[in-house]
Amino acid sequence: MSATTPAPSRRAAFIRRLMDNRSFTIGLALVGVVVLMALLADVIAPFDPLKGNFKARMVPPGAAHWLGTDHFGRDILSRILHGARVSLHIGFLVALFTAVAGAVIGAAAGYFRYADGPVMRLMDAFMAFPPIILAIAISSVLGASVTNVVIALAIAATPHTARVVRASVMVVREMEYVEAARALGAGHVRILLRHVLANAMAPLVVRVTYVFAIAILNEAVLSFIGVGPPPPTPTFGAIIANGRDFIVAAPWITVAPGMAILLSVLGLNMLGDGLRDVLDPRMAVTTR
Amino acid sequence: MIRFILRRLLASIPVLMLVSLITFGLLWLVPGDPASMFLDAGATAEALDRVRREMGLDQSFPVRMGHWYMRLLQGDLGQSLLLNRSVVGAILERLPVTLSLTGLAFVVSVLLGVAAGVVAAVRHGRLADQGMMTLALIGLSIPEFWLGLVLIWLIAVLVPIFPAGDYVPFTTDAWQWARHIALPTFSLACVQMGFVARMTRSSMLEVLGQDFIRTARAKGLPEPYVVVRHGLHNAMVPIVTVMGIMVGALLGGAVVTEQVFSIPGLGRLIIGAVLSRDFPVIQGGLLFLALIYLAVNLMVDLLYAAIDPRVRLE
Amino acid sequence: MKLKFLHIALAAALAIGAAAPAVAQKKGGDVIVAITNAPPSLDPHATSAQAARHVNLHMFETLYARDEGAKPVPDLAKSVAVSPDGLSYVFTLRSGVKFHNGKTMGPADVVASIERYRKGGASASLIGAIDSVSVSGADQVTVKLKTVQSTFLGNLSSPRAPIAIMPAEEAAKDIGKASPIGTGPYKFVEYKPDSHVKLERFNDYVPNPAYKERDGFAGAKIAYLDTVTFRFIPEAGARDAATMTGQVHLNETSDESTAKRLKGNPNFTVMKALPYAVQVLKFNMAQGPGADLNFRRAIAQAINAEEILGTAYPDLYLMDQSWVYPGSPYHTDRALLKQDVAAARANLAKSSYKGEKLIFIIDSIRPNVDAATVFQQQVAAIGVNIELKVGDWPTIAGIGLKSDQGWNFWTHGFGIEPYEGPASAMSHWVKGQGQRKADPVIDDLFAKLNSEMDVAVQKKLFAEFENRMADQAIAINLGDYGLFQIVSNKLKNFKPYRITRMWGVWLE
C-alpha cells in the first residue's frame, strides 16, 4: 500500500481501469438511465402518477398511454418514472445505512477480540431469519412507510455486511504495519479508521453495491406481500402488486415494472462485478 | 469429528436463544392480536376484549413469555391460537412441502448452474461463454415473485401446460406432484442458478489454469476426463462453501414463491401467522427455520471437510 | 272398456311423468368449493367471521332462521307462542331431530346452548334482553325477557354469529372448545389448516317437514351430495385458476375480468350476488376534524361515490344508499349523494380543518384499499390532505374498534347487518360504537325500534334514522357492492345467498 507513484495518477489509472472494464461501464450506463429517469420524473412524466382517470381504466399500451393504465386509470409510464425515484431512494438509503452499520459492527467485532464472540452470535441470530420474514415482521411492528421499509431492509442486510467487514478487518489486524502504528502510540480508533477500514473498503464497496440491488428486489417483495410503502406511493413493487389481480386482463401493469426492476438490478449487479474485478479480483464469491 | 459436531451443537444454543428473544421483542412491539381474527368490522370493543380474555391474551407479555419458555423446556411448542392444532403439528405438516420445494430447487440450481458454468469456462471467451454468463446475470437480477407471476400468466393460464398453483404430495400422486411443483421450482431456482453458474465458471477458470491440469493434458488424458475429474472436482470446493448461504437464500425465496403459487408450506404458515398474529406459530416457526438454517450450515461444513482433505475441523 | 281406460290413464301418467323437469336431482357426488379465508373456529358461538359461516351453517341449525327474504321463520322450533306482554316466548321444538353423534335433540340441549351463548358468544349482546331460559316441557323451552324486544326473533335467528344448538355436553365446554357436532344436513369430517374443511352428508338428517324447498337459511335443507369440501384459497388468481381447471366446482368470489372472460363459456355460469354488502365510509367523530359537522358535510359533498364504487367493484355495484337492501320492507329510495365541489369547499372553509394530515386506516382487502385511494384523490381536490394507513386486520381492528386515537377515516363493507334488518343496520351506530361518539337521536330511535312491535311505526323510525345519518353525515353510505360467483355447470340448482349453500344442489 506504500505509494511510489504520485497519488493523482494512481487515481487516474484506477479510473481508467474501471472504464476499461465492460461490466462496469454497461452497469454504469444502465444505472445511469434509471437514475436519470428518477431525477427527471417530474419533467418527463406525461401524467400525474397519483391521479386516476375513471374513464381510462385498464387501457392497453398505445398512443395515449405508452405503457397503458392501471385499474385506477393511472398512467403506468408515469408511475414507473416516479417509482424509480422511490425505489432508488429506498435502495440508496438501505445501502448507506447498511454500509455504516455493517462497517461499525464488523470493525468492532474484527478488531476487538472480546467483542467478537457476542457480536457475531447476535449477527448469526439475525442471519438465521430469512430476510423477507424479518422485514415483514419489522414492517408490521413499525407500520408501512418508506422510512420503515428502509429500516426493516437495512436491519435484514446488515449482519452479512458486518461479516464481510469483519473478515477483512481480521486479516489486516495481524499485519505488521498495524503493530507498528500501535507501537508508535496511535490510538485504536485512529488505527481502525486510517489503516484497517481502508483495507476493508474494497469488499465493503462491492458488497454495498449488491445490497442496493437486493434492497430494490426486497422492497418489491414487501410491497407484493402488502407491507411496503402505503398507497398511492408508486414503487416498482407496488405497481406489480396492483397489477397482480389483473394479470390476465391487463398484463402490462405487471410486466413493465418487472422489467424496470430487472434493468435496475442488472445494472447494479454489473456495476458491482466491475468494481470487484478492478478492486479485488480474488473476490470471486458473489452473494445474494 | 464427533467432538466438532457436539461443539457446534452447543454453540447453536445461544444463537437459538437469541433468535427466540429477538422474535419476542418483535412480537411485543407489534400492534394488534389474533382476537380480531374471530370478529368482523361490526364487532364491539367489548367483544374484542372478551375474545382476548378467552384466549389468555390479557396476561402481561413477560408472563406469557415465561410460560412459553417453560413449555419449551418440556419440548412443547404450544397450541396455535387460530389453526386448532399444536404448533409442532402445523409445522410438521408443512415441512415436507417446503423441503421438497427448496430441495428440488437446490438440486436444479446446482445441476444446471454447474453445467452452465463448466461449459462457459471450457468455452472461455467465446459465444457460449458470453451467452451463458449473460443469462446467468439476468437470472440473478430477476425478481423471483415477478417471474412466478409471469410464468403463471404465460404457462398456466394462456397456454395451460402447468397448473397455476397448489400442491400435491409426492406420496399421493407423483406425476401430479411433479406437474404442480415444476413452475414454482423453476422460478425459485432461477436466481440461484445464475449465482452457481457464475461461481462455477470463475472457480473452474482458476483451476483449469493450474499446472496439474496442464500436466494431465500433457499426459494425453482425454479432455472431458481432465475437465470433470480433475477440474470440476477441485472447483467444487468454493461452491460447497457457499451452499449454506444458498440454502438460506432458497428458504427465504421459498417463502415468497409459496405466496405466489399458493403452496401450503412453512413460509406461508409463518407469513400467515405474522399477518394474523398467531403468536405461538410465529415463535415456533421462526425457531424451526433457524434450526434448519443452523443444521444446513453444519452439514455444509462437514461436507466441506469431507471434500477438501486440507481442511481440518478446528 | 275398463282396460282401455286403464291404457289411457297409464299413457296419461307416463306423459305427465315425461313432462316433469328434465333434470332430476341426483344423489351423490363430491363437491369442492373455493372460499377466500379459513374459518377461525368451527365452534359457531366463538366467531362472527364470514368465513366461519360458510362452513358452520352447514353443520349447525338455530331455533329460528332467516328465510330467503331475511324474515325469521321456524327452523329447529316448530312454533312459538308469545305472551301478550311480549316478555315470554314459549318455543315448541320439533321432535326426532338428531345430532351428528346420534343423540336426539331435547330442550335441555337448547337451554344449554342459549345459556352458553349468553355468557360468551361472539355477539352475546344480541340476546342481552334475555332474563332466563328454561325447560318447560318435554319439547318446550321458555325464554323470559327483561324488556319487550321487537327484534328478539330476528336476533335469535341471526346468522352472523349464530346461536347454534349443540348437545348440552358440548355446550358445557369453554367457548372455542366445542366439537363441531350439530343438527345440520352435513357433518364434520376433517379440518386441515391452510387447506380445507371436509363435510359429509348426515344421513339421519330429516329436512323440516313444514317446508317443501330450501328457503334462505331455513326451509327444507336436502343434502344430495356425499361430501362437500371447502378449500381455502386466499389468492384471487389461484381461485380462478382452480375453477377453470375443474379443481373446484364453485368460486365464492371472483372479479370482473374473469367474469367477462367466462361469459358464454359452456362450462361455467357466472352469477352475481348483488347486493351483498354496503360500502361504508366512517368518520372518527371523537377527535380531529371528524368532530366538526361542517367538515363531514364537506367530505360528503366532495366525493363522487359512483367513481369510488366503480373502481373498487367494477361492474359489481349498485347505487343505492339505504342502510338495508332493496327488497327489504324497510328499504327507502333515498336520494343519492350528489357531488358538489363548490359547496364542499364552502363547508370546508367553515370547518375547523386547517390543512393538517389526516389518517385513513384500511385493511389490506383490495377493494377497500382501492376505495380509499380514489377517495384520497377526490378530497385532495378540495384541499384535504390524507395519508393512507394500510395494515393487516389485527392492526386495523385494534385501532378502529377500540381507539379514538390514530385514525380519522375508515372504510369497509357491512354485509350481514343490512341483510338482517333495521335494528341490526342501526346497531353499529348506537352508543357511538362505529363513529366513536354517541348520537343521542340515534340511540333514542334504536331504543324505540326495539320496543315497537308495529311494523308501520318501525318503518317510520328507520326512515328517521336514515335521515339522521345523512343529515349529520355520521358516516357515508357509498352504495352496495356484490360478489361474482363462478359455478361449474356440473353443479345444479345453485343460488347465491349469504353463504355458499350446498343443500338443495346436486352434481350431474
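To keep things simple, chains are lettered A, B and C as they appear, and every chain counts its residues starting from 1.
Simple rule for what comes next: a residue touches a chain if its C-beta (ideal position, glycine included) is under 8 Å from a C-beta of that chain, and two chains touch if they have at least 3 such contacts.
Small disclaimer: the values here were computed from a predicted structure and weren't measured.
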Checklist entry - More C-beta contacts across A-C or across A-B? => result A-B
Next on the checklist: So, comparing each chain's Cα centre against the centre of all protein Cα atoms, which one is closest?
Outcome noted: B
Item to check | Distance between chain centroids, defined by C-alpha means - chain B, chain C (Å) | outcome: 41
Checklist outcome for this item: The distance between the C-alpha centres of chain A and chain C, rounded to whole Å, is 47
Checklist entry - Where the CA atoms of chain A average out and where those of chain B average out, how many Å apart are those spots? => result 22
Item to check | For chain C, residues contacting two or more additional chains | outcome: 237, 391-392, 395
Next on the checklist: Show the residues in chain A shared as contacts by 2 or more other chains, in ascending order.
Outcome noted: 140, 226, 244, 247-248
Checklist entry - Which chain B residues sit where two or more other chains touch them? => result 31, 152, 157, 259, 275
Item to check | chain A to chain B touching residues, read off their complex | outcome: 121-122, 124-133, 136-138, 140-141, 213, 217, 220-221, 224-226, 237, 240, 244, 247-248, 251, 254-255, 258, 261-262, 265-266, 269-270, 273, 284-288
Item to check | Complex interface listing, chain B residues touching chain A | outcome: 14-16, 18-19, 22-23, 26, 29-31, 137-138, 140-143, 145-147, 149-150, 152-153, 157-158, 191, 195, 198-199, 202-203, 206, 238, 241-242, 245, 248-249, 251-252, 255-256, 259, 267, 270-271, 274-275, 282, 286, 289-290, 293-294
Next on the checklist: Residue numbers of chain C touching chain A in their complex, please.
Outcome noted: 236-237, 255, 257-258, 260-261, 307, 310-311, 314, 364, 366, 369-370, 372-374, 376-377, 387-392, 395
Checklist outcome for this item: Per the touch rule, the chain B residues reaching chain C in their complex are 31-34, 36-48, 50-51, 54-55, 80, 82-85, 90, 93-94, 152, 156-157, 160, 163-166, 259, 261-262, 264, 268-269, 272, 275-277
Checklist entry - Which part of chain A faces chain C closely enough to touch in the complex? => result 50-52, 54, 57, 71-72, 140, 143-144, 226-227, 230-232, 244-250
